[in-house]
Each structure stands twice: as structure tokens, then as C-alpha cells.
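You will see subunit A twice below: alongside subunit B first, and alongside subunit C after that.
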Partner chain A sequence: MAHPVKRSNAPVFWLLFGAGGMLAALLGPMLVLITGIAAPLGWVLPPDALSYDNMLAFSRNIPGKLFIFAVVTLFVWHAAHRIYHTLHDLGIRRNRLSMGFCYGISLAATLLAGYALVIIGF
Partner chain B sequence: MKLEVMRYLPESDPEPRHQVYEVPYSDTGSVLEALQYIKDELDPTLSFRWSCRMAICGSCGMNINGVPRLACRTFLREYFPGPVRIDALAHFPVERDLVISAADFIAKLESIKPYIIPRVERDVSEGEYLQTPLELEKFNQFTKCINCMLCYAACPQYGIDPAFLGPGVIALAHRYNADSRDGAAEERMGQLHAEEGLWSCTAVGYCSEVCPKDVDPANAVNQNKMASALDYFLRFVKPGDKS
Partner chain C sequence: MNVRRPYVRRMEPGWWWKNAFLLRYMIREMTSLLVAVYAFVLLAGVFALSRGDAAYRQWLDVMANPWSVAFHGLLLAVFLYHSWSWFEIMPKTLPQIRLGGRRLPAAAITWGGLAATVACCGILLGGTLWLTR
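And now, the complex of A and B:
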């Protein structure tokens, strides 16, 4: 039996998925704790830790930009890949449309994040 | 103890059905022995495969209470007081009763060249190929595969799309790729790079759970996903590659 031997493009998405998953596991819970609980409740952190001025300065600084870009985009690529394969398991088999939809959203989010980080200034 | 056994006689049954048999219970009796009792004493029309009755030939795989297992190494005592439901191995076309067609698996197995293709040909007079314990360890667990196909019955992706190369064959491809004496990894990787190769796998991991030989095919798939992903990009910079 001849087997299909067309090379898959999955590695591109799989690596983004893997990177996003690793980042989510390492940083996700901490980010939820800081932005969702500790900062609003004024726990541990100084009251103005996530204030507008501080956050603006953070997003204008190059390492800050990189951090925001990586966290936003890799998380989204991770989610898109998960949703794409979950749809497959739920009966919407892998097809161009579901692929375009899932990865299209993450591509759009990536471009948007990049754009926002540029126009917010340096 | 009651056994509800899947029956399918293509000449008379439009669909598989289940037939209940009462078999003598013993603490040390296996499901395979119970089936043999049925065939010898109750109903000679029942068909099933077996050979070694010691978990080495890999021919007695079936779904026992929904779980892919070897009938010869599954004991009635695990299901006391019963009943136990016996189905043909999931995801494969059923030929008759508990006998499935392994044609797809065999074709896939052949397609990955499951034998050593020496990196350097040596004459017998030059003596044996030497390997360090570390080199042996890299592939040793994957040599334990007995081609029982339980991992295919466990794999939901194979169930959805039987074009998937599947856990067992990938584990065996890895067994040869990871062997320092072998030089044909590139040839085998062609199959693995495909969507129906490694990339149909969604890392469910049930294959490794049901494997009666602790082969851990899921691990082989993962190692190769990484290798395949790296190769996807590095092939552009690798010298002398045809992509």
C-alpha cells in the first residue's frame, strides 16, 4: 500500500503551540494571580503596581514589549491549535476552513498585538 | 461466570451481535481459556485468534469490557462476578466474530521498513556491530513491541481516521531510527513527516496505557514530533539535502 508522503506543515503550528503551552504553564497562573487577584485587592503589591502610568512605561520599554508580545501571541497560538484539534475530535474534521478560522484568529491577534505595541510608542 | 461475546458471521449476520455464554470460573482462568472452553464445549462456531497464550505472539488482542487487552494475560478474577463483555479489537474491520483484519496494520508496518538497514555494510568476517549500553538503551524498549495492535484499538485518532500511521508503527520506526547500526532514518522519516504520519496524533497517550509490553508508543511519537519539527526548518540549511 502506498502511503501519503506529503510533508505536513503542522510543525510550524505545533512549535508555536508548544512554546505557548510552556509559557502558559510557567507564567499563566502567576499572571492571573497578579493581574486578577493581587493587584485589584492591593495584596503584597504596591497599590499603583498596575496603574496606567506604570503599565504605559512597561509597554514602551523594549523588554516589556517583548514580554507582552510573547505572552499575548504565544498564548493565542496555543489556544488556536487546541481549539482546532478539539473541533476535529468533536466531529468537525480537520479542514481548510476550520484551520483558516483558528489560525487566522491567532494570526490576526499577532498582527494586532504587534501593531498596538508599535503605536503605543517607545 | 457470564461472558457476552461479540459474534459476527458475515454469511448470516447483517450486524455484529452479542451472545451470552456461561463458563466455569476459576481464580487462575484467563479470558482466552474461557473462550477456548466455549469453542471446545459449547459452540464450535466461535472464531478468535491466539497462539502462544503467554503474551508474546500478539494475536489475542480484543476489547475486554471496552478496554483493548490480550485475552491470554487478562484473568476472569479481575471481573468477578461478571459478566464480562468481549468485543473484537476496536477500530479494525471485523472478518468474523473476534477476528479482525490486520491488513492495514501490516501494510503500514512494511511501509516503514521495520528492519535494520546498515549504516555501513560489513562482511561477516569483520565481526559483529558493537554498541554501547547507552546506544542500546535508546531503542531497547521499542524492540519489545509484539505487533498486537492494542494501541490502535486505543487510539481515538486512528478510530477517526484510519489513514493515521498509528502508535505501534511509529514506535517501530523509532526502534530502527534510534539504532546506531541503522542508517535509513531519512527514508522512514518521509512517512512520519506527513499529516497522516506523526501529525495526526493529538497526544492522548492511551496507547501507552494499554500496551501490554510497556513500549510507550506515545513517547516515540513525541520524540519524533520534535525531530520532525526541527527537520522541517533545518532541512533548508542542512548541507546536501533534497528537502
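And now, the complex of A and C:
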């Protein structure tokens, strides 16, 4: 009987890490500047840039929804993968517990983001 | 019982502290902690948005707090460092790219990536200004 090929789950996590890192490298600085500094201080952007009505409309729009989902979840998966491996470098050896901790938080964040974006409506 | 007893080298805490290269490595990896914090800030915003106007207004109030703005100044520095370090190591993480039989120089990959960051940030700002006009 042929043994089933035992496949590694590493490429999946590595892909999410790479996608999140790339998205953060390309858009991260401007996202932080807009959401955390310019909009709250009313710099450059109109004072109601991130208002409830604006953001509701943005997140009810399919591309807007996908954009928010991609940013939140890929940033989290990027960080989780990097932290998981950095913990190993700091002496917390890779095991099921540290893996469950890092990727578990990412999975929870992904589910929460998906849930929130679905109940926001379309 | 496992008969194999692999040798595990002792690790002294703070091994990365003594060498500038290792320190830079560790700082680069540690930026991911703040990337995660920022993702959770956004997640809180999305969740508040799904709870309605009042909840979302509370999130906006927190974001407008001077401490939050100062913290986002730190986040901005960390994200800029992430962008820089991401493309700095990209020549080592990408498979070799050959153009006309010559290997694409590392500096071209790094600076090409950083140019893409400038372009994407410009498009994001332009798009935000256009959507909120």
C-alpha cells in the first residue's frame, strides 16, 4: 500500500507571512499616517474622512470590504509567523504550544474581522 | 521512547545583543510585534463599525487622543523601518532574477521595492483624498 505523502503546512504560513509583509511594506506607512495621524488631527484630509457614514459606505462596498479584510488579516498573519520564529530564536523552541498561540490568535482575528465585515452588511 | 537524542546547543539569553548585525536582525523581526498591534487597532475599528454609530464614535475618540496620535508616530517610524528592511533583505529572499544573462543587482531590487512603496503610498493617499472629497 502506498503511503500518503506527508505534506508540510509551512508553505501556507510562509505565503501569508510574505503577502502580509509585502502589503505592510507597500502601504503600511501611509495607512498609519492616514488612520492614526492625519485623519485624527484633520491634516490634509477633510475632518470627516473616517466618519461613521464614510467608513460604513466604504466597508459595505465589496472592494472596500476586501481591502479592510486583507489589511487586517494579512498584517496579523505576517506578524504571527515572524513572532513564532523569533520566539524560537529567543529560546522558546518551536512546538505545538507556541504555534497554537501565534497562529491561534491570527485565526481568531481573521474570524472576528470576517464576522464584523459580514454583519456590517453589503 | 525516542532513541535519538539530538544535540541542542545551549543558548545564552541576549545573544543577539552583542553583534550589530544580529541586533539589526532582531530589531527587524521585532517590528512585526507593532505590525500586529496596528492590525488590532484596525480590527477594533472594524468591530466598532459593525456595532454602530456610538461604538464607532468611541473608537474615533480614542484615535484622536494625543497619546494615540503619538503612538501612531512611533508606529509610522516602525512601518517605515519595516518597508526599508523588507526590501533590504528582498535580494536574499527572492529567487535569483537574471536579465540578459546578468544577475539583477541587489540594489536594483531594494530601490525598486522602495520606489513601489512610494508609488503605492501615493496612490493610497490619492485614493483616500478622492473618496473623501
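The definition used in the following text is that the second predicted complex is superposed on the first by the 115 of 122 C-alpha atoms of A that agree within 3 Å, B and C clash if a C-alpha of one lies under 4 Å from a C-alpha of the other, contacts with A are read in each partner's own complex, and residues count from 1 in each chain.
Going forward, contacts are C-beta pairs under 8 Å (C-beta built on N, C-alpha and C of every residue); 3 or more make two chains touch, one makes a residue touch a chain.
Since this is a predicted model, take the numbers as computed values, not measurements.
Colleague: Who contacts more of subunit A, subunit B or subunit C?
Modeller: Tallying touched residues of subunit A, the top partner is C.
Colleague: Please work out whether A:L50 is in contact with subunit B alone, subunit C alone, both, or neither, and reply first, second, both or neither.
Modeller: second
Colleague: Return first, second, both or neither, reflecting whether A:I62 touches subunit B, subunit C, both chains, or no partner chain.
Modeller: neither
Colleague: Is A:L15 touching the first partner subunit B, the second partner subunit C, both, or neither of them?
Modeller: Touch status of A:L15: first partner only.
Colleague: Between subunit B (first) and subunit C (second), which does A:V5 come into contact with in this model arrangement: first, second, both, or neither?
Modeller: First partner only.
Colleague: Would you sort A:D89 into first (subunit B), second (subunit C), both or neither based on which partner it touches?
Modeller: It touches subunit B and subunit C both.
Colleague: Counting contacts the way the document defines them, which residues of subunit A are shared by the two interfaces, the one with subunit B and the one with subunit C?
Modeller: Residues 85, 89, which sit in both footprints.
Colleague: Which residues, counting only subunit B, touch subunit A once they are in their complex?
Modeller: For subunit B paired with subunit A, touching residues are 104, 107-108, 111, 156, 160-161, 163, 165, 190-191, 193-199, 202, 225, 228-229, 232-233.
Colleague: Show me the residue ranges of subunit C that touch subunit A in the complex, using the header's touch definition.
Modeller: Of all residues in subunit C, those touching subunit A are 11, 13, 16, 26, 29-30, 32-33, 35-36, 38-43, 45-47, 49-50, 53, 56-57, 60, 63-64, 68-69, 71-73, 75-76, 79-80, 82-83, 86-87, 113, 116-117, 120-121, 124-125, 128-129, 131-133.
Colleague: Using the touch definition from the top, list the residues of subunit A that touch subunit C in their complex.
Modeller: 20-22, 24-37, 39-41, 44-46, 48-52, 54-56, 58-59, 68, 71-73, 75-76, 78-80, 82-83, 85-86, 89-91, 109, 112-113, 115-117, 119-120
Colleague: Give every residue of subunit A touching subunit B within the complex, in rising order.
Modeller: 1, 3-8, 10-12, 14-15, 85, 88-89, 93
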